[in-house]
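Here come two complexes built around chain A, the first alongside chain B, the second alongside chain C.
Coming up: the complex of A and B.
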């Protein structure tokens, strides 16, 4: 077991595309769940829309890369409207049921062989990189240092992703200190009270769903940028992983989603390397494939522990923990 | 023997008020259920609301007088809160129409009703727990530019209005003695303080009609006095107040007009003292023993002073 290599692999995930994708999706969830109290259990579907929207419009319709990003965004807005208009008038938990179901419907649509020519069904999509890589401002070579060494393409994906995260954070930060964000937080606490004060609660909830969905779709785009779109990625457990990252960092905080995603991926990679290593060197009495599954069990346990003992997350306000709703 | 019973000590107000006379002559003709008012702010016609087989509200005709304090009383389950919900758009009636300030409110959603100047509070207080007291207050202000998505992104657009709102919120908090708590989470307030906060928050929107659902429930006697004062102040400032309350002492003293509901219907209305003499009201709600000390009813205490 090469411990230095494992550490280096883990640390590299601080700015890996997957981490950035999770961070964007978690920022979207923080708007929807953390600030507006909308229990969106379908963030994986938003990521799928971003990824497939990007890949399909580049491959099938020959759009440039930025056109693909726009298609992903527009697709997520339409999805939010379809989901939100019938369900946001209902109580919060219904949204959770509907979004989880809608996410599954969408995933199965992408998976079915009927649309194989467009979606690639079970094989997914790949080979859509030409336009994005053509826009790469970095000349060929290697960039970065130590664990963060990457190719020119990798550097471009990372830079693009980091810029998206920075812009998203800026937007969320600006909105949540504004009266708009105050109404959203009010809705999270008690929507009837906010309604009684003359605010159009439905409209605010729809705006939050759309905004969060756009971040989710951007997360999906970044998830797809380095290699391929695989329908197996956008399953319900992806939603739970993003929730874990979000709750770890702090659901109702600006930087929490980013911190949570970084910690989540670094720990995931670390455990994914260490546990099989421990198993193969006989320290853990299990096979090494069992050991790599063990980390998902640990994710589940971690999610439970966070929700029970630190529901406000690492960056959340300590005072918020003192009160039980 | 009865001379041994100490005379009840009347609470002495630290600042004696100028007398605040009750509004008289609010109605046209004899007071009876559904009587027309001289200047009604709400006129309701044929409102019914059923939940399954239960008719919760069945009001033929009801008018609420403007710039007066009207109390809505009645036994538990009489439909008072349901009527509140219907009038404020939080619930939809099966039949009926009603107007506020001459404008029809049928099918108008709750938030628009509030924007028209008819704000309400809730029987179970709805303080927004994880917002600070000041944020709770600021949320109450109407017509905020910064509440629009794109304007919200640029503080330059809304900062000036925000300052004005904050000033107004602070003034109200001082009035309601909550200014020291402005940075605390509303969840840390006591039940009575939450009632105060909810009322103050409702006032942030400069309402025309304030509807209070049991404003005194769970509030200690000292606080009750100051809340009563606040309600009377509202009337002095030109607002109309409609409130639901079970405390007859309070109803008698601050209401200009009383509407009594039972089993979903208005069974009596009129000036407080007259309504409370009404046999139907005594039957349906007050009970025959309202003037007798509770101790005599329960046998814990006799007029002779024996315990």
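Coming up: the complex of A and C.
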């Protein structure tokens, strides 16, 4: 077991595309769940819309890469409207069940063999990189240093992703200190009080759902950029993992989603390397496939402990009531 | 049923060489038709699993010419036709042995006699009922397996509904309670080799204990701590993830079979058949659900449970020990979920670490359809969902069959959130 190598692998995940994708999705959730109190359990569907929207419009319709990103965004807005207009009047846990069911429906539609020519069914989609890589401003070569060494394509994906995260953070930061953001937080704390002030609660919730959904879709695009779109990724577990990352960092904070995603992925990678290593060198008396399952057990336990003992997350403020009663 | 039936055979060659060899003198062992009068040939042979099928009737028709032929002892047939043209070859499926059908494409094929003056055609014969089963039989078959599936979902759904009614918790870990039952039954029955009936009963007992442990160890302290429903729900999601991967830790990612999972089929009528396990499973579900209904309607604890579902504070004020009733509800819910898991493992068939998670949303659909927090509503909802899932696969692809149920779940929540049997004040 090469400990230096493992540490290097883990540290590399601070700016890996998967981390950036989780961070964007978690930023979206922070708007929806953290600030507006909407229990959207379908963030995996938003990511799927981003990823499939990007891949399908590039492959089937031959759009350039930015066209694919736009299609992903528009798709997520449409999904938010379809989901939001009827459901936002429902109570919190009802919304959760509707969104999780809608996410499963969408996943099954992407997975079915019926639309194989467009969605690639169980094989997913790949080979849509030409346009994005054609726009790569980095000349061939290696970039970065130490654990962050990457190829020109990797550097382009990472740069693009980091820019998206930075812009998203700026948008969320600016919005949440604006009057609009205060109304949103007010809705989370006490919907009726805000309604009594003459605000259109439904409209604010819908705006939050749409805005968060756009970030989720962008997360999906970044998730798809480095390699391929695989329908097995967009399962309900993905939603739960993004929630874990979000709650770890702090749901109602600007930087919480990013911090949570980075910690989530660095720890996941570290455990994913260390535990099988310990198992194969005989320190842990289990097989190495059992050892790699262990880290997912820890995710579940961590999610429980965070919600029970520190629901505001690492960066959160206890005074802010994150969870709707 | 949607269980894959391997297409066993498929055949059919034909032998241009054969036709050439015997073209001049009509072969004694073939039921040749019109071979002397006509210059051109259409031929083939019919086999199933490598065995020739004798006396299968075929009709070749085209250009105003029609000829019937039967296959010989070697499964071969050929006819003479007058023109180089397109002909339609029809295989009469009623002359195939029982349980065998043309499984790929249709039993009518178009052939064109080309420049060579000879053409051969293949039918893909396999075990299956696709073309011979009347629609009504398929419908009945789906209805029966939908009923079976629905009863099984009902066992899981009433528990989920009771827990929701008494504690307000949307318990995502209910899925893992389902898997847990199947897992224990497998461990005792297949690994330790206990008789399967003993193993199943013990599995239910252990599931019930598991429910007790969860309530005492986790949910009651959290209720004391005053966590909100959303917080509790996310805790249950965490618990669900942890348990699911703990199961995978022990049994790996594959599918395991419970003992006796390939029981004999009993033919009812037409093409409708059920396995012994299907019948026993439905019987057990009905008996258990009936016993549960009696418990809920007529015993003191049952009445207390319904009182708490209606109004917890009022129930507590009228002297009902809410904590005790909730503990009993957890025990019952977990036991029923464990039984549902065992039955689901036979229905699928096989048990898998995430099998509960696969039906969790259907169970939620059942509970919501009937009305959150009403046990009998959950039962009705489960039957509707089970039958809907099975029946809908008559028209939509099998890999989309859950979509119908989930869309119904969404629509119900949108238009009648209180469900079929629920009351409006519960939607909060």
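Definition applied: the second predicted complex is superposed on the first by the 317 of 325 C-alpha atoms of A that agree within 3 Å, B and C clash if a C-alpha of one lies under 4 Å from a C-alpha of the other, contacts with A are read in each partner's own complex, and residues count from 1 in each chain.
Quick note on the criterion: a residue touches a chain if its C-beta (ideal position, glycine included) is under 8 Å from a C-beta of that chain, and two chains touch if they have at least 3 such contacts.
Not measured: the values here are computed from a predicted model.
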item: Combined model on chain A: chain C and chain B, fit or clash; value: fit
item: Partner chain(s) touched by A:294 [first = chain B, second = chain C, both, neither]; value: second
item: Contacts of A:197 with chain B and chain C, given as first, second, both or neither; value: first
item: Of chain C and chain B, partner touching more chain A residues; value: C
item: Contacts of A:180 with chain B and chain C, given as first, second, both or neither; value: first
item: Distance in angstrom between the closest Cα atoms of chain C and chain B, superposition on A; value: 9
item: Touching both chain B and chain C, residues of chain A; value: 323, 325
item: Residue ranges of chain A in contact with chain C within the complex; value: 39, 86-87, 90-94, 96-98, 100-102, 104-105, 108-109, 111-114, 236-237, 240, 243-244, 247, 286, 289-290, 293-294, 296-297, 299-305, 307-308, 311, 323-325
item: Residues of chain A that touch chain B when the two form their complex; value: 171, 174-175, 177-183, 185-186, 188-190, 192-201, 207, 211, 252, 319-320, 322-323, 325
item: Of all residues in chain B, those that touch chain A in their complex; value: 88, 90, 109-112, 114-115, 119-122, 126-131, 135-136, 138-140, 142, 144-149, 151-155, 158, 162, 185, 187-188, 198, 201-202, 204-205
item: Residues on chain C engaged by chain A in the complex (per definition of touch); value: 170, 222, 225, 227-231, 233-235, 237-246, 248-249, 252-253, 357, 361, 364-365, 368, 397, 399-400, 402-403, 406-407, 409-410, 413-414, 417, 427-428
